[in-house]
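Chains: A, B, C, D, E and F, in written order; residue numbering restarts at 1 for each.
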Amino acid sequence: MRESGREVNQLRKIEMVTNFTKHAEGSVLITVGDTKVICNASVEERVPPFMRGSGKGWITAEYAMLPRATETRNIRESSKGKVSGRTMEIQRLIGRSLRAVVDLDAIGERTVWIDCDVIQADGGTRTASITGAFVAMVFALGKLVDQGTLKKLPITDYLAAISVGVLPDGTEILDLEYAEDAIAAVDMNVVMTGKGEFVELQGTGEEATFSRQQLMKMLDLAEGGLKEIVEIQKDAISPYVDKLEIK
Amino acid sequence: MRESGREVNQLRKIEMVTNFTKHAEGSVLITVGDTKVICNASVEERVPPFMRGSGKGWITAEYAMLPRATETRNIRESSKGKVSGRTMEIQRLIGRSLRAVVDLDAIGERTVWIDCDVIQADGGTRTASITGAFVAMVFALGKLVDQGTLKKLPITDYLAAISVGVLPDGTEILDLEYAEDAIAAVDMNVVMTGKGEFVELQGTGEEATFSRQQLMKMLDLAEGGLKEIVEIQKDAISPYVDKLEIK
Amino acid sequence: MRESGREVNQLRKIEMVTNFTKHAEGSVLITVGDTKVICNASVEERVPPFMRGSGKGWITAEYAMLPRATETRNIRESSKGKVSGRTMEIQRLIGRSLRAVVDLDAIGERTVWIDCDVIQADGGTRTASITGAFVAMVFALGKLVDQGTLKKLPITDYLAAISVGVLPDGTEILDLEYAEDAIAAVDMNVVMTGKGEFVELQGTGEEATFSRQQLMKMLDLAEGGLKEIVEIQKDAISPYVDKLEIK
Amino acid sequence: MRESGREVNQLRKIEMVTNFTKHAEGSVLITVGDTKVICNASVEERVPPFMRGSGKGWITAEYAMLPRATETRNIRESSKGKVSGRTMEIQRLIGRSLRAVVDLDAIGERTVWIDCDVIQADGGTRTASITGAFVAMVFALGKLVDQGTLKKLPITDYLAAISVGVLPDGTEILDLEYAEDAIAAVDMNVVMTGKGEFVELQGTGEEATFSRQQLMKMLDLAEGGLKEIVEIQKDAISPYVDKLEIK
Amino acid sequence: MRESGREVNQLRKIEMVTNFTKHAEGSVLITVGDTKVICNASVEERVPPFMRGSGKGWITAEYAMLPRATETRNIRESSKGKVSGRTMEIQRLIGRSLRAVVDLDAIGERTVWIDCDVIQADGGTRTASITGAFVAMVFALGKLVDQGTLKKLPITDYLAAISVGVLPDGTEILDLEYAEDAIAAVDMNVVMTGKGEFVELQGTGEEATFSRQQLMKMLDLAEGGLKEIVEIQKDAISPYVDKLEIK
Amino acid sequence: MRESGREVNQLRKIEMVTNFTKHAEGSVLITVGDTKVICNASVEERVPPFMRGSGKGWITAEYAMLPRATETRNIRESSKGKVSGRTMEIQRLIGRSLRAVVDLDAIGERTVWIDCDVIQADGGTRTASITGAFVAMVFALGKLVDQGTLKKLPITDYLAAISVGVLPDGTEILDLEYAEDAIAAVDMNVVMTGKGEFVELQGTGEEATFSRQQLMKMLDLAEGGLKEIVEIQKDAISPYVDKLEIK
């Protein structure tokens, strides 16, 4: 039993408010326990220079935290004048993950910008961002279908993410909150499709290591959790669920 | 009568959710029509270098917009690596305004950081920020009183802000929404105390000018609106309203 | 009576040297008491990206101080690698003010760059900059008329600026020098046209407030001072004074 | 059989030149096929601010490529004025990996700086960097032992890294060279200790996914390759091999 | 005979206005033909970190041009966010040159900041800066002597600079103005002491070369010119000329 | 006799490894005593904006040191986010020097990028960079000749560089190593062509001066050394030596 009373394989409560802000083509407020992230998807009618003329689209993501999303106030990255390595790592991860389930040829020379802004942090902000971003992206691309710009929703599968880890006593657990993350010997983020294929796997032992057996247990926990999360995503994207191109 | 159906002297609907996020000492979500700003107040137990040893406290503010707070996505200032002139102007205005109603000697060598993050913009984000920031600051300083760190709330008056302007047809109006702001000949922001004294007055004619008479009408509208807003603030800070040191 | 012996409504001595440097299309050294600013106006045959194809011109300004313009040496903004909020505020104010009296359609797709470089500071650098910049701009646009590039001087009115304020004892005064500015309870900058219309009004109570009555007295002082300044401008631009398009 | 003639489980030729430059406490030129990285380890007698007073040491890494390490010249990050996300990701990975096998308490308030500079790139630069950096670090800490500053080499295990991946035809392969990396559907970097425990696992499907079964095959390949690499490391650190504190 | 009518060994007219601005400890406006530079010297009661505790003083310089000092407006370095290589080269040269004639031990742990701001450029701005900076520095250090802070003026010799060059037709000339500099095959800056010793010699053939014989002729011209300039300096520093410690 | 046992006019041992890395069109590892620099030359099929349409080519250089090329680790310029004045000075010197011996018209609208990366420093890195860069450039342009892109090697002479200086005891010496450079009263870098013409001459007395006689002695030493170096260059570029256009 964990501090919070959760079982080792128990997710925190997850909620998604869609159409959270009015301007973005897709806008989701995702809540995972006390972690809250606004995921906005914007469609831009052009692609970055390296893709011009390719006929393909692009998905890219940015991630930030409000300065007081955390227990202690963080200096704003715009004030520091540069984006931290942690932020860059996360936004590259979000973009890469989403691109794995989108048919970029089918969206044409457009960019979908995903903005994940953490307004309250309690562990798992990057995985909540991916899970919420998928839903925001479905709405944004869905609007292109509604307008007749795209013929069909070029999304090949669901996509969600969760963290797993190992506590100092050796217990493998699902969906770490901040207090657990701070003490964990191993921290792993798993990004998976609806069909249970891996998109990203990032396991880290900070001043620690882990065995193949522990890896297997963590992956089992992640798979179980991600199935539940995909069901919540299906509800959130209900206006578009029948238009998805899941192969 | 305005496009929106509002009277020239009619405010948009204003709401404040206090304790909006869990980590900040003071946290308010202020909604003014379709403009939504998260105002977080954080207490730091030190002051900037230029004030060390003075025995006085400091209030400072930062302001930002989520990239998709607006109709078109804006590039994130952290990605650009610098803060725009507009942002700097606004955050300097917020900090200066709040300092006018705080007894800095009484708070000791502490900084109150105010973070105003616009999650949805529809005109008047800087005035909504000031109005919400005042409430967040009261909660943050109030906690210092509750903990016994401060003997009394060192706030000398209420503080709120509103915009007024002149439409192209010459009509003076209160509380401009974005569509009005975009066409206005004159735009003025008024920051006032509860007793009706000015703290800041910033009137601008972009490629236009205004007369003394128009100024007077705008100030009348502002005063009327600000009285209503201060009443809403009183409700929002009800746990601390009796502890205020209004002179 | 003020420390300096000036009356409350008395300006400092103002002088303008035109054609101060040889390369700029318009070049003015303005002296207001001990404040000295070089105002250079340069004409560039293109406009910023956001205006291309509009057929309209643009006026923009930059402002800086020599490091030792002030009593204590300031770090050069180029060495710091960024422009301060104060500088940005001032240069935005100068540009906006000038644009209010120029017919941008009439100047075609050209930019007038105004560079205000303070070589000695004793209060009122931003208002001296605006007053001097107007004259430099008249010379720069005047040269376009002389060359036949423009048919007439597309300037719709005179433009000048001055500061007013309130001393700690409650006295309203005109044209604050540094020693007064440093102690003033209220500081207000007024930008006005030759016909006495407001272009910008920026009043600030740093850790203080001001009443409507005080505002009125300050505006009276400003109006009086600005009339005198416009007369000095007329002298300075005498080669072009008959070509002005004052409506 | 691969393009290069290598077997799927065959490493490229690996060589390490120790004492490659004369100033660094540890200096290694590692060659993996056509990938060449200079790994220098420097000892600094202080730790970063967040660790001062902790009594613990710190290991941190920086990574860069010479502009012409690659087929096309890259713009120098110092010229761009900022470090790319990719670089940050890699240097964070190297530092984190090394810290997993060092007893930070035992090295005292010292920082070991690891500089990995790629002089020629042909795939696998980050894994070559980790493998070479471990050796450089052993020499640097070894010198502290030789000098009597440290009583024993505070290294708890060997540490090496290798890439594995999946070719478009579904074949899992070990140690991808650039031509393979450019077309691979899945790319995974595995960092392991001498005892076969995982330190880091980063698997990525760029616009692709992978199954649990594929993951297992890739991990088998990685384990095989890493055993061979650790043997090469043992040779390289022969002066210190008996002083290692492998638990 | 040159375009300007000057002889090959003829300087442009040189003037120095001392006490040009009121705040700086030393302030000189130097005019060399149409080149005008404000040289301000400021005394700071501390040295840079690398000299603390050494008991020695430091002289350092910064150099900038007003944007419209030149025929075409240059972008301000503060707007670009970085200082150009040319600027850095020049300010390093000025500082190094001045340090050669100052007894740094004798000035104690103080920094003399030299700010050279070019307000009008017509060739030779770096040499005019050095010549003017020497005079400004004498005034700044002289004030320390006047106040009794220093016992004597710790300056070991006069210091001045001039350019020489080779025109495309092979003629060696003294003191190049812009039109000559733009076409010159060789450009050389010579910094010399009053006794005729070299402090700096920087000769450059941009897409050209020069012989030992040409070098000798250029050095002869420079020596002649510099003797004249030192006489002008003696006049400018007349209040301090008897206090100089010329060895 | 010097500390190292070298005669005053004796060079350190110089070696050049050509084709040092595989991607660059020209790649040289130059070793001068314990100073080691990788000089890579890359050909880019375009020129910088200021030269577009001129029909001429461009040669430009960048210079950097590995952080631990020196006895104490230097902070990486990419981490600092800006290039130091020293680096800028050096890279401008390298580019300018090379351009003096290339017929830029003959290479067409192409840029040759020279990257000089110091992997071990022991004095004379800038002169070693120039000497090595010349050889790398010959190989890069030579490949354009081999491919038939250029008709002939557009190089008008050999180019090499060396340092000379004056020791505190007044002895003039050739090719200063770090220990000598650190104590030298005068430091001069001489860049010369194969025919013995000067391209650059940069002599500096840091807190010291030098006479015309000392200058002459230093130039004699430099000329002697540079003749030897050009012979070593001839060997290094033997595949192209007959194709050189030495006028």
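As a working rule, a contact is a pair of C-beta atoms (placed from the backbone, for glycine too) under 8 Å apart; a residue touches a chain by one contact, two chains touch by 3 or more.
What you see is a predicted model; the values in this text were computed from it and never measured.
**Student:** Could you give the fewest steps needed to travel from chain A to chain F through chains in contact?
**Tutor:** Minimal hop count between chain A and chain F: 2.
**Student:** If you average the Cα atoms per chain, which one ends up farthest from chain A?
**Tutor:** Between chain A and every other chain, the largest centroid distance is to E.
**Student:** Fit chain B onto chain E over the CA trace and report the rotation angle, somewhere between 0 and 180 degrees, nearest 5.
**Tutor:** Rounded to 5 degrees, the superposing rotation is 120 degrees.
**Student:** Quick one: which of B-C, A-D or C-E reuses the D-F interface, over half of the residue-numbered contact pairs in common?
**Tutor:** C-E
**Student:** Could you tell me which chain lies farthest from chain F when each chain's centre is the average position of its Cα atoms?
**Tutor:** B
**Student:** Using mean CA coordinates as chain centres, what's the gap between chain A and chain B in Å?
**Tutor:** 33
**Student:** How far is the middle of chain A from the middle of chain E, if each middle is the mean of its Cα atoms, in Å?
**Tutor:** That pair's centroid distance is 60 Å.
**Student:** Chain C to chain F: how many Å between their CA centres?
**Tutor:** About 51 Å separates the centre of chain C from that of chain F.
**Student:** Hunt down the residues of chain F that sit against at least two other chains at once, touch-wise.
**Tutor:** 81-83 - these are the residues of chain F that touch more than one other chain.
**Student:** Connecting every touching chain pair, does the picture come out as line, ring, star, complete or other?
**Tutor:** Shape = ring; chains linked end to end, path closes on itself.
**Student:** Starting from chain A and stepping next to chain B, in what order do the chains sit around the ring?
**Tutor:** Order of chains in the ring, chain A then chain B onward: A, B, C, E, F, D.
**Student:** Would you pull the chain E residues touching chain F in the complex into a rising list?
**Tutor:** Listed in rising order, the residues are 82, 84-86, 88-89, 91-92, 96, 99-100, 104, 157, 188, 193, 197-212, 215, 219.
**Student:** Provide the residue numbers of chain D that touch chain F in the complex, in ascending order.
**Tutor:** So the residues of chain D in touch with chain F come to 21-24, 27, 34, 36, 38, 40, 42, 44, 62, 64, 66-71, 73, 76-83, 87, 113, 115, 117, 119-121.
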